[in-house]
Amino acid sequence: MGGARDIANRLRAQLDPTWRTAGLSPLNRLLVGAIIASVTLTVIETEPAIASGRETLFRAAELAFGVLFAAEYGARLWLAGHGEGSRWAHRLSWMMSPAALLDLAALLPMLMLPGTPAAMLRILRLMRIVRLARLGRFSAAWTLIADAVEARRYELGLSFGAALIAMLLAASLLYVVESPSQPEAFGSIPRALWWAVMTLTTVGYGDVYPQSSVGKALTGVFAVVGIGLIAAPTGILAAAFSDAWRARTSRSGSEEFRETN
Amino acid sequence: MGGARDIANRLRAQLDPTWRTAGLSPLNRLLVGAIIASVTLTVIETEPAIASGRETLFRAAELAFGVLFAAEYGARLWLAGHGEGSRWAHRLSWMMSPAALLDLAALLPMLMLPGTPAAMLRILRLMRIVRLARLGRFSAAWTLIADAVEARRYELGLSFGAALIAMLLAASLLYVVESPSQPEAFGSIPRALWWAVMTLTTVGYGDVYPQSSVGKALTGVFAVVGIGLIAAPTGILAAAFSDAWRARTSRSGSEEFRETN
Amino acid sequence: MGGARDIANRLRAQLDPTWRTAGLSPLNRLLVGAIIASVTLTVIETEPAIASGRETLFRAAELAFGVLFAAEYGARLWLAGHGEGSRWAHRLSWMMSPAALLDLAALLPMLMLPGTPAAMLRILRLMRIVRLARLGRFSAAWTLIADAVEARRYELGLSFGAALIAMLLAASLLYVVESPSQPEAFGSIPRALWWAVMTLTTVGYGDVYPQSSVGKALTGVFAVVGIGLIAAPTGILAAAFSDAWRARTSRSGSEEFRETN
Amino acid sequence: MGGARDIANRLRAQLDPTWRTAGLSPLNRLLVGAIIASVTLTVIETEPAIASGRETLFRAAELAFGVLFAAEYGARLWLAGHGEGSRWAHRLSWMMSPAALLDLAALLPMLMLPGTPAAMLRILRLMRIVRLARLGRFSAAWTLIADAVEARRYELGLSFGAALIAMLLAASLLYVVESPSQPEAFGSIPRALWWAVMTLTTVGYGDVYPQSSVGKALTGVFAVVGIGLIAAPTGILAAAFSDAWRARTSRSGSEEFRETN
């Protein structure tokens, strides 16, 4: 049993996202490589120019990655059972964590590999890449960004709400002005919303745009408003990050402390 | 009369946008749902693919929402009359508040429902969504953003004024350079302004753009200037939000106070 | 002579851009209105749909504005001569100031009104609008923004220089990759620069874009780099404005002082 | 030998990027002019409308610039040998510095001038422009920006990683939704990535876009998400610059100190 505990401890150290305060453990390096390779594979196998004639190769590689990630999932599940109290209560609570659910979801496509139209399942597999965001030094950065966004969630929500209202107003006005001359593009508010979102986010595909003078003048006004709608969340985030870093610095002692680290 | 006052107090508590410092009262939750449903309805009923054949259904739902919001308006009007001095003076002053005027405007389409070409009135009804911005926790966020914008209104006005001048200059120059070869798109300064606004806001539909080398070189310069025109208001807002939060924090005591809340 | 001095003082007070610390003097209000009207006139008279048949009307209005602004110029020139030392030395030094040169340039088109192809002169007349930026409360905002930009001019210059280098690199690479298949759009580095500027500023007209896989992959990378090129000057300006306001606040005494004003 | 040391010292002063704390030495001014002229030449010689018939002229100018920059490289190499220890160890270590490698790379095209298809080598020559970023006052600005980016590299990396994940998710979803109706544009995830990158960076060429209602609704959501993806790095950079300047100011003594400089 001491041997099992010893293995458990060494495995836990290897699977720990942070390894000796900074770098990644050898096992985590391998897993990072496997995640990147597996995601790249999933992306390029959809391109017939690359995949056709190599289906067997891609299936085999997918299966290999599936086995690797399943083994990792099993190891983590086993480790989750160590600690006080019921083993399976610990394991179940680990399985219900968002990270573990994502891992499990990414394993699903492997089970039903033969024959299923795997389009949507492919997306689940791709979401494995999200795990990279919490590894090593990125973990602290992630926490800081998440904290800053969390602290200003009402201001950010409000600025996105304002964007939504502006889009709705723009779509309604252009629907009134342009729907007689362009019924296909502006014949209803939902249709005009497509134009409104593409204009206020400054994407501007140019597939639909107003033809009348009034419509063009309104579009000009809304395009300028669109700058404000982009400026507001950016400004809120800038101020939030600035505050979050200052709060962290003052908590960890002094400015000099941070400088020397 | 004590019963009426009791009802008034309970109704006022239910209609209060902030409920026990944080959440929304059950009645306000209902109203939020009704506002979202009513706005969604107004948007989708303009789309023939959805609405045709279901006109009666949409009319009935609109009428129901109209009655609900009219009852709310009546309740608020009745409550506004409680207090010292003349009841109707209080009520009239409430009716003249921007929020109450917006509510009244949103009720207008219901009155003239049968037969009117309700295109513009529809927009009034949609503006009901603005009310969501002042409910619950969003209320404090709204105040903070409004204060920050208010404090820097001259700087923001100036940066939008600079954008206007740049657009005018771009339109004038391109009108001179491109009007001989593209009279339709650049044949006058107002026409060239359409191109200038779409370029400097980086929307870039691509329906009109210069063909000559001189015009393209000028456009390149103005596109880079456009980045500055977006950067300036964003930077002003970021600094304004940062200042507004710091001012609020220092007013409410100490950094620690804010952290624990 | 006392009468002349009295008139001079009253005229100087009327022409002063700031009037009793905040608002605008009646004469300046008139001039603001005249500038806006004159600029609007210059813009719309180029549109044949509006101007044709009304040429005489537009000429008369232009002449009237020209006389008004010439009178203002004369009054300011006369006032500039008051003070110690040579009158004309004062006046000449005033005439050489950027604001006075701009005013004089805006008067030029009037002199050669009959017959000249006034396209470029029209732009001079439009630049009169720049004067609005220095009136009343905008004057302080202008100074603050100009100071912040001035303090960070090397950082801003560097970030625009980095944008230029990125555009040059993008144009060179796409010229190599796309010039065989699209000689018209990518046949030389200057031609590819048109595409590069439009892509990295995120304008994206869509008139030219790469067709090859390598070109599309490179474009994707440069589009993401383009975000950084927009983010950098925005971030620099945000930090600069934040610092400039804090410096001004600490100079004027204390945080509380600003709050109460 | 004293004469050689004297020449070395004067040459070193002339080649020093900062000259008497601020401006540029006469020799550096000449080199700046030569770099700008040489880059301009390399750009315009690719345009047949300018270069055809003037090939000999362009070759001669290129050769002259090549000789000048080779002489500068030689001078710097010679100067690098002054100091304690082995001369050639110093020189080799200088040759291995990124700046020296870039200079050497920019000289390569000259060696193989006759006959090589110089497309890629031309890009090396263009990269000479990067050197301008480290001259004179720009040097301090460069250090500050580089420090700020370095200090927040994990947060910036994370926000670009989030952008990548969003692009991957958008491409996967649109591949599922649009691939049946638009196999050319959305027939594989790599193809859909072209659309996703162009949409989330708000470039928006408009060459491909979804046709189905579901695809358009998803695009609208991702376009709004795209604003957040631009806002995040901008906010991080803004906060990083603000912190970097404050750290520098507090290190150099006091706010007043900076103001007077």
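First chain written, first letter: the chains are A, B, C and D, and each begins at residue 1.
By definition in this document, contacts are C-beta pairs under 8 Å (C-beta built on N, C-alpha and C of every residue); 3 or more make two chains touch, one makes a residue touch a chain.
The structure displayed is predicted, hence computed values, not measured ones.
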item: Set of chains adjacent to subunit B and to subunit C; value: A, D
item: Cα-superposition angle relating the copies subunit B and subunit A, to nearest 5°; value: 90
item: Farthest chain relative to subunit A (centres taken as mean CA coordinates); value: C
item: Listed chain pair B-C, B-D or A-C that repeats interface C-D [over half of contact pairs the same by residue number]; value: B-C
item: Pair joined by more contacting C-beta pairs (A-C or A-D); value: A-D
item: Length of the line joining the C-alpha centres of subunit A and subunit D, rounded to whole Å; value: 29
item: Separation of subunit A from subunit C, taking each centre as the mean of its C-alpha atoms, in whole Å; value: 41
item: Junction residues of subunit B - those touching two or more other chains; value: 193, 202-206, 230, 234-236, 238-239, 242
item: List of subunit C residues in touch with subunit D within their complex; value: 154-155, 157-159, 161-162, 164-165, 168-169, 172-173, 175-176, 187-191, 193, 199, 202-206, 209, 216, 219-220, 223-224, 226-228, 230-232, 234-236, 238-239, 242-243, 247, 250
item: Complex interface listing, subunit D residues touching subunit C; value: 39, 42-44, 46-48, 119-120, 122-123, 126-127, 129-130, 132-133, 137-138, 140-142, 144-145, 160, 163, 193-194, 197-198, 201-207, 229-230, 233-242, 245-246, 255, 259
item: Residue numbers on subunit D that touch subunit B, as the complex places them; value: 202, 204-206, 234-235, 238, 242
